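Structures follow.
In what follows, subunit A forms one complex with subunit B and a second complex with subunit C.
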Partner chain A sequence: MWTFNSLIGRMFALIFFPFRSLHPWFAMVFISFLTGLLMLFVFRLTSNQKGIRQVKDKIKAHLLELRLFKDSLPVTLKAQGQILKHNLKYISYSAKPMLVMIIPLLVILAQLNLWFGYEALRAGDTALVKVVLKKSVAPFEADVELEAPPGLAVETPPLRLVETGEVYWRIRAKKEGVHELRVKLAGQNVTKTVIVTAKPLARVCPMKSASLLDGLLFPGEKLIPSRTPLTFVEIIYPAKRLNLAGLGLHWLIPYLVLSVLFGFIFKRPFRVEI
Partner chain B sequence: MNSLKRREFLKWGIVASSLFAVGGRTPHFTRITGKADTRTKILVLGFDGLDPRLLEMWMEADKLPAFRRLRSQGDFRPLQTSVPPQSPVAWANFITGTDPGGHGIFDFMNRDLETYIPVFSGTATEEAKTTLRFGDLVLPLRGGKVRNLIKGRAFWQILEDHDIPATVFKMPSNYPPVPTKQRTLSGMGTPDIKGYYGLFNYYTDQPFRINEDIGGGRIHQVSVDKNTVEARLPGPTNTFKKDRPESTVDFKVVIDPVNPVAKISYQDQEFILKEKEWSGWKRVRFHLLPTQSVSGICMFYLKEIRPHFKLYVTPINIDPASAALPISTPESYAQELEKKLGPFFTKGLPADTSALDHDVLDEAEFLEQDDMIFREGERMFEHEFNRFDSGLLFYYVSSTDQRQHMFWRLLDQSHPMHDPGLVSTYGRTIENIYVEADRFLDSVLQRIGKDTLLLVMSDHGFNPFRRGFNLNTWLFENGYHKLRNPWRQEDTSLFDNTDWSRTKAYGVGLNGLYINQKGRERQGIVNTGADSENLIREIANKLEQVVDPKTGERAILRAFVAKDVYRGRHLDLAPDIVLGFNYGYRISWGSPLGKFPRQVFEDNTEKWSGDHMSAPEVIPGILFTNRKVRAESPALYDLTATILDVFGIAKPEEMTGRSIF
Partner chain C sequence: MKRKGLVFSALVLSIAALLSLSIPGQAYIGPGAGFAFLSSFLVLFLTFFLAIFSFLSWPFRFLLRLAKGRQAYKKALVDKVVIVGLDGLEPSLTEKFMAEGKLPHLARLKKEGSYARLQTTTPAISPVAWSSFMTGSEPSKHNIFDFLSRDPRTYLPALSSARIAGPKKTLSWGKYKIPLRKPEIRGFRKSVPFWKILGHAGIFSTVLRVPITFPPEKFAGHLLSGMCAPDLKGSQGTFAFYTTDKEKIKKKEGGVAISVEVIDGRIKTYISGPDNSLLKKPEELRLPLAIDLDKEKGEALLDWPGQRLRLKKGMFSPWVKLVFRPGLGMKVKAIAKFFVSAVEPHFEMYLTPLNIDPEKPALPISHPFIYSVYLSKLLGSFVTLGEANDTWALNEGALNEASFLELTYSNHHEWEAMLINALCKTKKGAVVCVFETTDSIQHMFWRYLDAGHPALKTTPSEMSSGIIEDLYKKMDDLVGRARQSLGPRSVLIVMSDHGFKSFRRGVNLNSWLYLNGYLSLKEGKKESEEWFKDVEWERTRAYALGLGGLYINQKGREAKGVVPAGEETKALKAELIGKLAGLRDSQTGEVSITEVYDRDKIYAGPYRENAPDLIIGYNQGYRASWDSVTGKVNGAVFEDNSKAWSGDHCIDPRYVPGVFFSNRKINRLSPSIMDIAPSVLQVFGLPVPAHMDGRPLLAAEEESPRKKGRKR
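Take a look at the complex of A and B:
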């Protein structure tokens, strides 16, 4: 899985490379544009374009019928039945492309979450590091340590929560760079990347986990080997918000709105029937 | 709450008008400050409470080289303070160029003429006049605001008339800021988010009580259960609800069973503190309605984890990024500063003297907090100074005042709270803040050009507060004040035991004495005219003769009769007599709250040990300038006239002062 994640990650890094020093909105508009085109392309390839066109024409015809024969109850009821039937047919035509698109879209969303979901630390910032131990490991018996590279400092002793098996530290970013924290436990080491940069757009993976699902949702780092007594290591980065005239928006909102908008704008030039 | 509605409206207005501004910052629609390019710039550094005797002593000892240099290059004078020399009164003299008769601020406190209960003299809060009720909900439709009660015009309003730009940083007595397009940030008088002048929260599993006469804090008894503490931060009163409950935010503290470290979490915040560590600014949002919330900022200080849990939280300051109450002009100025410099103290006097007084913070912790305030202010000054290219810049420092209030006991061996054990560590605290002020001045002197007139001023000096005078007890003992049940004398508070039908005089505020006058007070009994006049003179004479049996000294050096010392149109708001205490004396803690302790005199056993309620000649302020001063004995209101004069503006008729040059 890591090979796949790594490949996709590099592709997104390449796409966003020119945007790293620009405001995140530029990258957001660009990736929404690409997504809009991709969705159109996939839709065109995988959907029954002729069928969609026909069913939409039929719906329009029955809508016209409704207006023309609004005084005749039997005709109106029949037209409504037809509209419903063709709507269902339209949905069934759309289902296939949607099913085809859902997997790549999830992969895209997971990648975009790394770029737009979290604010990288700046030099001087602090963040919490959270380590969750496997249930078999008692936080007080396990001599868990956190070792920081020169660019980071561990500011507190570990804070251990017995009931949840969580251990927390506070770290401070001292200088810019991609730093690796080292969690030491039972003779094993797990590293976790910490991103410190003043650039407005950076790929920030908050979690490194032993779970496959987490590996899909946070595809920025390799999975923790299953024999390690840790469930996951998380850096609690500040949430990133896209500023629209003073309102902080979660990235998913502009992404979905803009992708759909671009899809609608380019459906005619690309002759795609939606 | 009207302001909240207006703010929401503004927010949506901003959204609508800049919808297409990619990544837009909050735009500033208001035109800010004058545009005139003045030939001379004026920089005013206001160090609250800087005392001329201490300054001279430490200048002579070569500890204040920058002040010495400024004195030799320009001039130095003691600066006549106000009657009484309380900060809100003194700074109002400077703001308006008049004495209290002109600006109407005679004391920290005034009284409600109907109930005799003390009220703040600087601001008035008006509730919404029209509301709409839906079940438990109360929605304000019209009215509701906070008013600054200062009369007359502020000098920066006059500068604005002449298109001269001014930036006024935390001027005391300027809350809410007077209307202007100049950049101003409100100062002393600005409340915390609950509307108090500072209410800290202290969470502990140890039995703890505070002196209610001082107040300023709330103690929360908590228990540590399975290494977890669950508690609440109290917020503003929810006026959208019929029964006006206090809004709260729940928070949780989880502590490590061995290590001295804890994690605090609430809303979307989560942070770790070590023992004896400050959190830095944390934002907290109090939800009043699903669509209405108020944002505040506070700092957490984890004082102790074991053996007792002790967590201190500063008063929750108004969030400058989203101010629920007016703290700046234009409104966007506070946001602009927050964006550039991060959250900052907005409460008028930010250092938590009450927490030190109640032993919630110790000396070191208080100084740590006050250092943060001083450094934060310096950063804000740098920001403004770097763009100061025309007009006037006023910058205010509160630490000089606050540290003298709290540490005079260690400078004064005859103070009841003098603690020789603390002297080696904190005995130089006051000297150190003077040295800090000198260092700050030095950095300014190195950077100002010949085109800049520098005025370094304080509003008053300082003296020890060793003995407290119970004015109301004295009035009671001398037959001017009658109690319904004299045997309940010591249980009395807020005049709740007073027989107003037989009372001739009462004390309210820190220096004020009022005659219970017919036609003015609701239950007044003393006739206006000769009766009242004679009574005032009689009491004033007697007060000036009062001798402290313990020291053999007169407690009140001057009992000023208001109409003899004030000019202006607002004499009706003045106390009838203003007490000017002798060196070492002040009003007691209880008397301003309408209490009647058994003794007329008492030792001051609080850490608040320095003060400035004396006769003005006892504690003048200071004035340093980089030009020669012609006036022999300049006063606060003369500086206002000087500022106008330097900019070539004719002094308004009502202004008392004259140019010092």
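Take a look at the complex of A and C:
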């Protein structure tokens, strides 16, 4: 899985390479554009284009019927029924491309989450490091230790929560770079990358986990080996927001709007019925 | 199969499980779903908005309708009137087939209601007759006297029903003239159709394909224009015929022949579009068309901007969209059908006239404008050209008989679907639909009923007289289906505007006028090309144009008129009537003209001055010759009609009455086409306007059911 994640990660790094020093909006517009085109392509290949065209025509016809026969209650009621019926059919026509798209899109979304979901630390910033131990390990008995590289400093002793099996430290970023924290437990070491940079766009993976699902959702680092007594290590980075006229937007919102918008803009030139 | 289903279900479940595990933000599964959900949400939102608006406003509209409706239907004897117009249905054939038990639905109508021969108009030509049908008045009140009228300033023909001209104001910009206003579309039919009067009274109508309804007029109802609605070129239908056979490249009436060449199995040609009116010097818009031939499979792969189409020999394509780009980002859309008739030894392909796309009409073809859009979305693309059935293509050999029939019935089915839809949607009011199928097929196949027809020797004859019988049966079946959808308080009228007779011999009136000294040719000429090119007007006293009109070259009216108005014109008319009525065919000895009608004696309306001075009533078997119609002059007065167009009705109206059927009794034996409009008004309880010449036919003795109810 790591090979796959690493390959995809490199692809995204390549795509975003020119945008690293630019405002994240540029990268967001670009990736939304690419996604819109990709989805149009997939939609065209996998959907029943003729069926969609026909059902949309029927919906439009019955919408026009509402206007043309506005004085006839039976006709307008029937038209509304027909609109709903054809709308369901329309949604059913979209189900196949939707199913086909779900998996690649999950992969894309997980990657985008690394680029747009979290703010990298800047020199001088602090962050919490959270380690969740396996249930078999008692937090107070475990000899868990956090070792920081020269670019980072561990500012606090570990804070252990017995009920949840969590251990917290606070770290401080001292200088820019890609640093590796080392969590030591029962003679085993687990490393976790910490990104410290002033660049507006960076790939930040907050979590390193032993779970396969987390590995899918946070594909920035290798999975923790299953024999290690840790469930995951997490750096609690500040959440990233895309600023639009003073509004801090979660990246999914502009991504949704822009990718759909690009899809609609390019559906005609690419002759895709959506 | 079962396993496949299980795998699919497992996949769906796994994906659903995967989604349920993901964080809420990631529940959005991408633009693909976004497309679908946004669109369907928009539709749902719009539907609910309209539904809520409709429900909230319903009480007010109900009250308003109640007030209006009560008034509208206060004296109505019926809820609904349905008129099925079968253009040219011939009474003698109808009666024969009914007697033979071949038309059960029409026979039932006759038995339970009424049947009569319907007097047509003078002249007995569809645009004239249908205009009288809708206005209830004689031709000089509605101003339609033929398909063509003449411009007295130029002696050239013009369409009698409408004129389309460029916009009055344009902005000059480089090579372009940008229209600042819409093109000027003027209808010349005068008087008021009955559906407009119904609309004023609050009675809704749906009017489908009635001739002379282009441009569509505003009224309280829906209308789709019929005969005389133009194609995208502005003509009454121009087909294209592509061929590699040089011998077949000649002038085609009603179409263009395009010579093509096969190079390495490929033909590079074009689709001829309308003139580019955006340019100061208009030039034809063209779409490049490439055709790859597969002789083994008998197929052609057609490729034009934006589309590819594989077409088997002998099959019509569905309606395809053609988009012309005149410039400045503008688009003009048309629909058309292709038909590859031969791949080898010669390639031959027919392209229908470029119909105005009903989904994006370049010209208004319906009222309201969105009505054609609605029909197109609901029922699919449909023929919008007024003269929908391409009789010229068969006449000129671009289509064979079987393919002409296929195309014609395909158009017919589109109209049937429109009628059935209108019947379902109209609970109260009027529905009028005219089918020209009957007219076109009889024009083109009548010779099979006439063993002595000259065209049987000259045109390919693949069919039999069964074609026309089959046509009548199909129309009978349509009547049956229409009747089924009606309730007890409905009136059904099935009618034709005129009948049909054989057209064996043509009479060239212009030649007769020339040979008898009424029309002169330029010095040294013994013949004239079409549209009177070689006529010496200063020495011409009379000329003929169109299917039945003869004009006096009158001083002060015609540009080069020589006959003074008043007594001299009267005398000349009397002289011509005397010589033409009873004119015998020198070859057969038969009388070719039975009656010549003087417009001053038969018309009394305000537009009489626009009518031909004399209207020729040809005998059965005769009609104006093809050359006479277009103003050609030669030495022969009579000629055989050797075209597939072998039946006609532009003769003495007494020989070509139409048919009238109704599910109600009528109050006279000899109704006229002008009686239908007043009859419709009468059954809806409305007064008949004084300008109408017709008189109500139906239910004059019946009493309003509401009144009856009150008495009880």
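To be clear about the criterion, the second predicted complex is superposed on the first by the 256 of 274 C-alpha atoms of A that agree within 3 Å, B and C clash if a C-alpha of one lies under 4 Å from a C-alpha of the other, contacts with A are read in each partner's own complex, and residues count from 1 in each chain.
Operating definition for what follows: contacts are C-beta pairs under 8 Å (C-beta built on N, C-alpha and C of every residue); 3 or more make two chains touch, one makes a residue touch a chain.
In this text, all values refer to a predicted model and were calculated from it rather than measured experimentally.
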{"item": "Contacts of A:Leu99 with subunit B and subunit C, given as first, second, both or neither", "value": "second"}
{"item": "Touching partner for A:Lys60 - first (subunit B), second (subunit C), both, neither", "value": "second"}
{"item": "Touching partner for A:Gly246 - first (subunit B), second (subunit C), both, neither", "value": "first"}
{"item": "When both partners are placed on the shared chain, which of subunit B and subunit C touches more of subunit A", "value": "C"}
{"item": "Partner chain in contact with A:Tyr168 - subunit B first, subunit C second, else both or neither", "value": "first"}
{"item": "Touching partner for A:Glu141 - first (subunit B), second (subunit C), both, neither", "value": "neither"}
{"item": "Doubly contacted residues of subunit A, that is, touched by subunit B and again by subunit C", "value": "none"}
{"item": "Touching residues (chain side subunit B, partner subunit A) in the complex", "value": "11, 14-15, 17-19, 21-26, 226-227, 254-263, 268, 270-272, 274"}
{"item": "In the complex, subunit C residues that touch subunit A", "value": "11-12, 15, 18-19, 21-23, 25-26, 28-40, 43-44, 46-47, 50-51, 54, 58, 61, 65, 204, 222, 306, 368, 370-371, 373-374, 376-378, 380, 425, 427"}
{"item": "Interfacial residue positions of subunit A with respect to subunit C in the complex", "value": "35-36, 39, 42-43, 56-76, 80, 83-84, 87, 90-91, 93-94, 97-103, 105-106, 108-110, 113, 213, 217, 250, 252, 256, 259-260, 262-264, 271, 274"}
{"item": "Subunit B contact footprint on subunit A (complex, rising order)", "value": "23-26, 126, 128, 140, 155-163, 168-170, 236, 239, 242-247"}
